[in-house]
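Heads up, the next two complexes both have chain A, just with different partners, chain B and then chain C.
On to the complex of A and B.
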């Protein structure tokens, strides 16, 4: 394979290459240029210098010896000892220092007296300051006065012909030379506008205002149509078809932290259980779970919280310590697990666990609690399971309803409302009002969310266009 | 509905404590402040204290201490089965307390032989807890979710004689499930670079569908989550507007406010 050598760095490149693989020098004009030292490019300031370059340095150049001897004949071959003509034309800073070195004593004194400017052009125009530029891809080396190696590690001051540079100035110069070129004081071509800052608390405040709006304005609308989710009627039928003395096991997996939503779901269930005179065993993995149970049964039955007769409606199975890892015990041996305590074993509990439960109900704010029951307990005791969960847990639990592992699924305020509508003994007027207000508030809250989404998209669209 | 519960002083006090703490937590809307942090600390501290008392009263005392030290033994449980959890629990507590005491001190990882022995022994109950929890979780996941759900998806539920809606649902289930699995498991840019163009195009379309299915599912989950959180917010507002209205203090405050305004 034939190669051509880069006139700049000497690296062999494939024939026909447009640019040098190493330094990027344009190789397309590799024909010998017939320009001579009398070429105007040599006598005029190079185009790579900007307007700030002092023209005096060029104007003051003494005529080169070769210039005097070379006739202005363009066809004359270049001298073998002189550098290639194209090199001298394009990369003037690589020429001999004498080319730009000031010779006029006045100029020399001017350079010595003037403080070194940050402007590169003045430095470049003053003479050859840098050696070994060697293309843009190589690190820049700045020569010292003695012209050797450019080792920047030890010396503290560097000298150029006719000028003295401090180490900080040299560092700055090197930084400027290695950065991308920029136009000073030029406006940027494109400056994207900033999107207005999103204040998350404002969203909450807006939501709160929108939800509170129907209260202050006494709006009772819109109630809308409640979504009829699959699984609600099946759950109701499972409880409705139970015999009055049928043992039921309830895992109460929510506490006051989520009671504002979960009470809406548990309330119709508890109402139904009380109406059917069942006596479920309630266990909880949460410390505050059974306190919530007690409060809700008291709310439905109208008893005081500390009334012992409240336990006529359900059996306190106790706080079940151990977390999910202990759940399989409930599926393996419910009787032994619940009666293991030497204290507080009530006769009602002993009687209730004498026979295995016929239905398990999980009331949980999170889908994980229902999943753990279906994974750790239900495969062991094969008891049908009905779940009452928050709206957020609905979608992860739908596949279990489809696969038959769940016999019923009631989720969210709409599920609770639908379940409540199925009761033969409807709730009181107050409870009915609460459900209705929930629907109205939810609709207003959803409207707030829609407004937020539309406004956010509009803002993004408008700012993207601008 | 009888409202005897709400008329008691304790119930009223509870309502007002709830009201004050709700306001303290809601003050986080104005930025992080000391009131919010105070409410959080009180809630966490009270919850942990309640849990400790509950575990002591309902678990340790009836199931461990009384059977061991009062002569009573749980049915079907030999005595060593009660000593084992007690010793393991004490080891865990001792090692944990020593680590807490040494935390932050220079060279806390070193120490005399007894300390290192204590830390080593303290790892036994930790290993038991972690190992049992993970093992139970994996077995449960396999038997309760993976097997049943995979069987549900892979079961021959596509019958040509089925109703159009059911048939379409089965096809969609199969399509979206496989597309989602493909999206999660196949990297086109790495694994199928040498595949034929047609095969690559089909897979690209399939994976595109799986990606969209995941996005739709995430959107639905988020929407339901929003509904759940809205319910919580509405519940709090109902508490403010209706529950407090039934207390005598609220009516007293309302009367006072009206007299001040007039």
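On to the complex of A and C.
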């Protein structure tokens, strides 16, 4: 098999490849790349300033050095010429913008604090964040070139595979190469920051204390009411108006990882379904989704987890591998899909799929699951959809509610709390305690965030004045 | 820039992709009802291929980490833990007749995997706290607007403040979500949909270079 070599990293790629399998460099060029790369002279670091032209990523940036920072007695380097693309090897010690960081303390501090800009500049030097073909046959490799050291006070510059240098090291390297005494004996550019003593660990401690203490010390009583968002009453009405034997299809798209939040949403729904003696068909795209279903139905009905009579309250429709690819089948041919997915189909399932569902309920921790249902299933079977989602999924799903594609939307603890207040069946004392406790958490958690925002602005104000 | 050469197998794959695309689109229009059984068959194949790809991925992960353990590469104890866990879960699934629904496997998920995942989710609150402290500042460009929006939503969602605030504030929060933010969300949804469509077409036509 013929190959071509990447001009950037040298890896051999199959002829006809559009991009390098390792670094993603565009391989479509008119010139025979492997021939130019095989020249040993090109693989050696150039020793003159002729090769000092920065790569395109740096060349695109405005130059940073000022006249005062350039040593007056240093010999002016010859005017750099533009080398061919194959010769642009990263030599950051020759690039002024990599060496002369801002010297103003405020700018230095801002630069030190700014992990985003550090990441971006480091990425510009490295040229990539992830390497390799991120496919099934090759594990994902996240580059450790930027931002993983956590040392924001000494940002690094990447200039060769596996080698990272700090700004001061680059300056010293350039001083050694140019014998420039101002660079050889220059003091370090980065000085300790002078911010107020509020630091990230203290933020974490403050947040933890403000949320945990009121609960553990039991001095928090539920105060106030949650915000009633649109969509909750509509969702409740959709379920409440169902006939007792009406077939319902539920996509259970959360597992124990997000159960702490999602159980608060699903619990009143399951309570309502059990009270109304409906027997929904539950399917899941997650391996452990149906175990969560069983646990929640057992919690509501008081059965043991391994009690077979639990299946009197719902029908196990099965787990579907393949993710979203399985969804169109549910919309297209539910009966065939469900009956063909389980070994030894239960009579209850066969009876349940005899008539099409009248309502679909998606209980999902992520907005994508609801969106996929609305795009891949609902257009096919035209069944009204109600969604129960996490708070984070609320915003992307609001447009669907406004447009009528979603008949009801219950999201986050706010939605779950409002929904359980609409139930005609009271929750058990333990369940009500959980909701009251959650109110306390929500109050103190939000208060902690407000305090942090105020402290952050105060810190910025004091620092600016100092 | 000249287009790269396309091998025969590329053309074949492209032909299969386009055929499936046309079939699914025509089926969605409802103009040819007999196509429904064919597209159902295609969807079934998709699930089969996905399941096989998943299996292939598991084998690949296993090989990579076994090789790492054999060579004693950096971080090999983590690879060992991964392989041991993979084997344990696989064996647990084989022990009972009901396979992945047996209680032992569910215990592994509920008592080992789920707490770990929940712990990672819980860390989100701390990241958000650090971000709120550092970035929600009135002096930044556009910071005042962002800060005002955050404060409004925070206060509305805080039960104690919600009860104390005037209904005007609640209406303002609802209006903010329903009008300006909804407009942005609709734009983002529409834009991402169009981008996905165009990217797909460019990929199919082998014009995916930027």
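Assume the second predicted complex is superposed on the first by the 255 of 466 C-alpha atoms of A that agree within 3 Å, B and C clash if a C-alpha of one lies under 4 Å from a C-alpha of the other, contacts with A are read in each partner's own complex, and residues count from 1 in each chain.
The rule is short, and it goes like this: contacts are C-beta pairs under 8 Å (C-beta built on N, C-alpha and C of every residue); 3 or more make two chains touch, one makes a residue touch a chain.
The shown structure was predicted, so the numbers you read here are calculated from the model rather than taken from an experiment.
Looking at the shared chain after the overlay, A:323 reaches both chain B and chain C.
Of the two partner chains placed by the overlay, only chain C lies in contact with A:460; chain B stays clear of it.
In the superposed model, A:338 makes contact with neither chain B nor chain C. Once the two complexes are overlaid on the shared chain, A:298 sits against chain B while remaining clear of chain C. In the superposition on chain A, A:267 makes contact with neither chain B nor chain C. Residue contacts after overlaying the shared chain place A:253 against neither chain B nor chain C.
Touch criterion met: A:379 reaches chain B and chain C at once. Once the two complexes are laid over each other on the shared chain, residue contacts for A:224 go to chain C alone; chain B is not touched. Shared-chain residue A:452: touches chain C; no touch with chain B. Residues 204, 207, 258-260, 287-288, 305, 319, 321, 323, 325, 328, 336, 379, 395-396, 399, 402, 442, 445-446, 449 of chain A lie in contact with chain B in one complex and with chain C in the other.
Against chain A, the residues of chain C that register as touching in their complex are 1-7, 10, 28, 36, 39-40, 43-44, 46-47, 50-51, 53-54, 56-57, 60-61, 64, 100-101, 103, 106, 109-110, 113-114, 117-118, 121, 125-126, 128-130, 132-139, 147, 150-151, 154-164, 170, 173-174, 177-178, 181-182, 185-186, 189, 206, 208-209. Here chain A touches chain C in the complex through residues 15-18, 26, 28-30, 113, 136-139, 198, 200, 203-204, 206-207, 222-227, 229-230, 255-260, 287-288, 290-291, 295, 305-306, 319-323, 325-326, 328-329, 332-333, 336, 379, 395-396, 398-399, 402, 414, 439, 442-443, 445-450, 452-453, 455-457, 459-461, 464, going by the rule given at the top. Residues of chain A touching chain B in their complex: 201, 204-205, 207-208, 211-212, 215, 258-261, 263-264, 287-288, 298-299, 302, 304-305, 318-319, 321, 323-325, 328, 336, 339-344, 371-372, 374-376, 378-379, 390-396, 399, 402-403, 405, 411-413, 428, 430-431, 434, 437-438, 441-442, 445-446, 449.
Note for the complex: chain B touches chain A at residues 1-2, 4-5, 8, 28-31, 47, 50-51, 54-55, 58-59, 61-63, 66-67, 72, 74-77, 129, 132-133, 136-137, 140-141, 143-145, 148-149, 151-152, 217, 220-221, 224-239, 241.
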